[in-house]
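Handing you this structure, nothing more for now.
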Amino acid sequence: MFKKTGIAALGLALMASATYAADIKIGYVTTLTTPAAVLGNDMKDAVNLALEHLGGKMAGKTVEVIFEDDGFKPEIGKQKTDKLVQQDDVPIVAGYIWSNVLLASAKSVLDAGKFLISSNAGPSQIAGKLCNKNFFSTSWQNDQTPMAMGEVLNQQGVKSLYLLGPNYAAGKNMMTGVQRTFKGEIKGKDLTKWPSQLDFSAELAKAKASGAEAIFVFYPGKAGGAFIKQYQQAGLKGVMDLYTVFTVDAISLPKLQAGKLEGVLGSRLTQQWDPTLDNAANKKFVADFRTKYKRYPSFYAAQAYDTINLIASGVEAVGGDMTKTDDLRAAMEKADYASVRGKYTYGKNHFPVQNFYLREVVADADGNWTTKVVKTVYENHVDPYVGECPLAQ
Amino acid sequence: MSTLFLIQFLNGLQLGVLLFLLAAGLTLVFGIMDFVNLAHGSLYMVGAFFCATLTFWTGSFVWAALLAIPLTALVGLVLEIGVIRHLYQRDHLDHVLATFGFILIADTLVHLIWGPEGIAIPLPGYLRGQVEVLPGIIFPTFRLVIIGSGLLVAFGLYWLIGRTRLGMLIRAGASNRTMVSALGIDIKTLFTAVFALGAVLAGLAGMLIAPITEATIGMGNDIIITAFVVIIVGGIGSMKGAFIGALLIGLIDTLGRSFLDDILKLFIPINAAETAGPAISSMLIYLIMAAVLAFRPQGLFPPKVR
Amino acid sequence: MSDTASAQLNDHLRVPDFFGSSTGRVVTLVFMAVLLLVPVAAHFLGIRLQLVSLDFITRILCLAIAAVSLNLILGFGGMISFGHAAFIGIGAYCVGIPAYHGYGSAWLHFPLAVVASAAFALITGAISLRTRGVYFIMITMAFAQMGYYFFLSLEEYGGDDGLTIYSRSVFGIIDIEDKMVLFLLTYACLVAAIYSVYRIVNSRFGMVVRGCNSNEARMKALGYNTYAYKLTAYVIAGGMCGLAGALLGNFTTFISPDMMSWSRSGELMFMVILGGTGSLFGPVFGAVTFVFIEELLSSFTTYWALPFGILLILSVLFIKGGLNGLIQRGWKRD
């Protein structure tokens, strides 16, 4: 019996490997299991929408994106990246929501001389000492968004702040970021176990007892929704104002709305993109995304959409010849494509030099909760690590 | 400082009570059927998801919780009759492995049925606010409700086990299983009932925490390990041990998270303390467990007859 | 003691032949040869297929060594350790931390990994072995969790984010940056591990440890200090698993506390049971089957954990003696 099973298994294995032969293959690592899969699926949908807009082709050649699931763990993410690099032999690996997954995987891709494009994660190491000519980001460096928030806090006249975030690479960067620009007093800081801790009772009590005027929070994914609820349940609204980065997004808002957590309406966040940004590419992206998937795209989706278009701009420039890596790189460095955030340029560490906006949570004309742009906080902002990057411009 | 301590004490109590609900079921199943159920946390998750869906159907959290309880019991029944029953005769190793497989199945089924994103449960207005417990001590109403319900369940279990016929059988079963069945008691039905009771307690814990955190995939996988620590510290099979162990672990965990980094700052650089603090406070409960077992290998309150 | 019980005892104490029955010999040899030759052939033929790639098989071999070491205490010694992944983690960090500080020599990394893991086993084993039954299962898990949180708290070495190893251990004579060399080294270590277990369980020491598994009271009555024997076995297994960790760290070039989480320990236990406890090659069959099925299912569907979980439960319920048992019996159910 087991012999037969074994043979059947082998047959299946061979079938699995007989991948459909596209001209250009792109690896895409994101989270497709665990609760964080909701972010990964949003990115996957955006990637598929981008391919649809491109007609499934770049420079006249067929394109296939191979999605791999990082299981929300650096170790698995690296394993899947290795598989994409070694077995599938893709010229470009993209995706990566989590900074720790990206840090674990970067070496595998870059040592093999392939391109690595981050759709979200922007750990300080990759922007600074470990920067690489074959790495590109279509998001931001982790410190930038909270830096913009620090600026906003100064403008609002906030004098003291309590910091709260998860204990992993991005969490630490976010805390550093806000402290770079915030001029008031930091009353205290807590880093919580990531990603398992979802009950923040002890930390909220500490924050309140610290007497800080406001609280700055970074909790991506499901932890964000949980935090907002507990903030409201603890009765802190009006006692300690809430300022967040990457905590409230198009994925958590419908859930918060279903949970009747009105407290989040009017709360403010900073970001490099918003669904209401006024440019043709963004309008098309948001409209088509909403038609196709019946919901607002999140910033994860917007960045994933940009990732595919950035790659397409490079592939077009080399006429689909992926062996011309120098030309491909030079083309992508120009960021010559219609980004949904509007025009931006690349610094020498290949992180975008771009605008950051203050956004506010509002209800749209149909009553759905979404965000709108209040004002521009930074124009063409450069990340703070670019100086540590040894690459020449 | 003292205000903060009192609030953290209440927070710790709330966590402890929640752990007790989980640990009570574990220790019952463990003490009576000698069955190690790693998948107990999956029942906690299932309870939360039932309650979430029913809240949206009925429009009321309270009704949803009341309806979700028999549903969770039903899941427990089906599980026991379908699979668990066939494992009682096996050794602990097989229990651990089979229920490990169950966790995988349960998490994936929930992903298939409810999607990956998890569900936020809206609370009725009167549970959303805060109460001033003592002057200056403001505490979320719903967390007080958790503490209250947990203590109520603890009292109910005390009554059930100490004063009813079912309780007598449970106590007898825990001391000497063969004797109970020799007396003509249908041991199979007893086991099924106990397993379902455990499932209800776990499900109830899930329902109570879900309005705070959300019902999410894998929510039981971390807390179940803590619940195991509780029953090991308390002594397997002892309800009193589970209660005291749960409160102890809940308080240590919360107070550790709250004050340890401040204490560490006295000895090591501030930055190191801020990041080491949470890790070391997570380690605390395992340290306690190892210490207890090193000196009392049967836990703090081992059941008397075995 | 009843007849069946004494028959069981005799069965336990029977010296395992290296390969078991004659069918077992053939199947085992073929299996081990396939495990060696297929990835090597695939590598030279340039077949890009994950399931036969050197990378994939090297990872399996590392886990197989860990499973073999767990089998020494679990299968032969009857000590159900639910914290074995801790040793993998410690072994891996013994490569990662020195490498981070610029000490790249394998002659430092590997001995350190073995000694550190053995030391951890000595300390935790000394406490854990005072308990028995479920308490032992849980206390070993508790110690592993402590190790997990300990490495989590080491901010300098990445904490939760883990640590990337920028160059593999330097042996001087061989270069394991070449994945073929690393594969062959790992394979050799696996064979050495199996052979050591064979020698250990057939030594006088091993007989006493196996005796403790069957009937500890009797061994005590015979005047053996069973605690010391069991502890020694526990320490040997810890050290051997530390070696597996050092290899795995070198292979993945990335280490994180996740390597020692409780679910990893559970997976190792599963490999041992699936393969067949108390058999020499069982854990290897178990590790290969486990990882192979996991990889295969996850390449088909995101929901791979569902069929995988069902398979796990079915294998617990229906495969007596694990895969090795099946092989030894010539594929018959009983």
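Order of writing sets the chain letters: A, B and C. Residues in each chain are counted from 1.
By our rule, a contact is a pair of C-beta atoms (placed from the backbone, for glycine too) under 8 Å apart; a residue touches a chain by one contact, two chains touch by 3 or more.
In this text the structure is predicted, and so the values were computed from the model without any measurement.
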item: Taking each chain's C-alpha mean as its centre, the one farthest from chain C; value: A
item: Which of A-B and A-C has more C-beta contact pairs; value: A-B
item: Distance between chain centroids, defined by C-alpha means - chain B, chain C (Å); value: 32
item: Averaged-CA centre spacing for the pair chain B and chain A, given as whole angstrom; value: 35
item: Interface hub residues of chain B, defined as touching at least two other chains; value: 111, 275, 279, 282
item: Where chain C touches two or more other chains, by residue; value: 159, 305
item: Residues of chain A engaged with two or more neighbouring chains; value: 33, 37, 167
item: Contact footprint of chain B on chain A as seen in their complex; value: 33-38, 41, 167, 172, 189-193, 196, 198-199, 201-203, 205-206, 209, 222, 225-226, 229-230, 232-235, 251, 255-256, 258-261
item: Chain A-touching residues of chain B, taken from the complex the two chains share; value: 3-4, 7-8, 11-12, 14-15, 56, 111, 115-123, 128-130, 138, 140-143, 209, 211-214, 216-219, 222, 254, 257-258, 261, 274-275, 278-279, 282
item: Of all residues in chain C, those that touch chain B in their complex; value: 74, 80, 82, 127-128, 130-135, 137-139, 141-143, 145-146, 149-150, 152-153, 155, 159, 262-263, 266, 269-270, 273, 303, 305-306, 308-313, 316-317
item: Footprint of chain C on chain B - complex, ascending; value: 30, 36, 38, 83, 86-87, 90, 92-94, 96-98, 100-105, 107-109, 111-112, 221, 225, 228-229, 232, 236, 271-272, 275-276, 279-280, 282-283, 286-287, 289-290, 293-294, 297-299
item: Touch list for chain C against partner chain A, complex; value: 48-51, 53, 55, 59, 159-162, 164, 166, 252-254, 256, 258-259, 292-293, 296, 298-300, 302, 305, 323, 326, 331
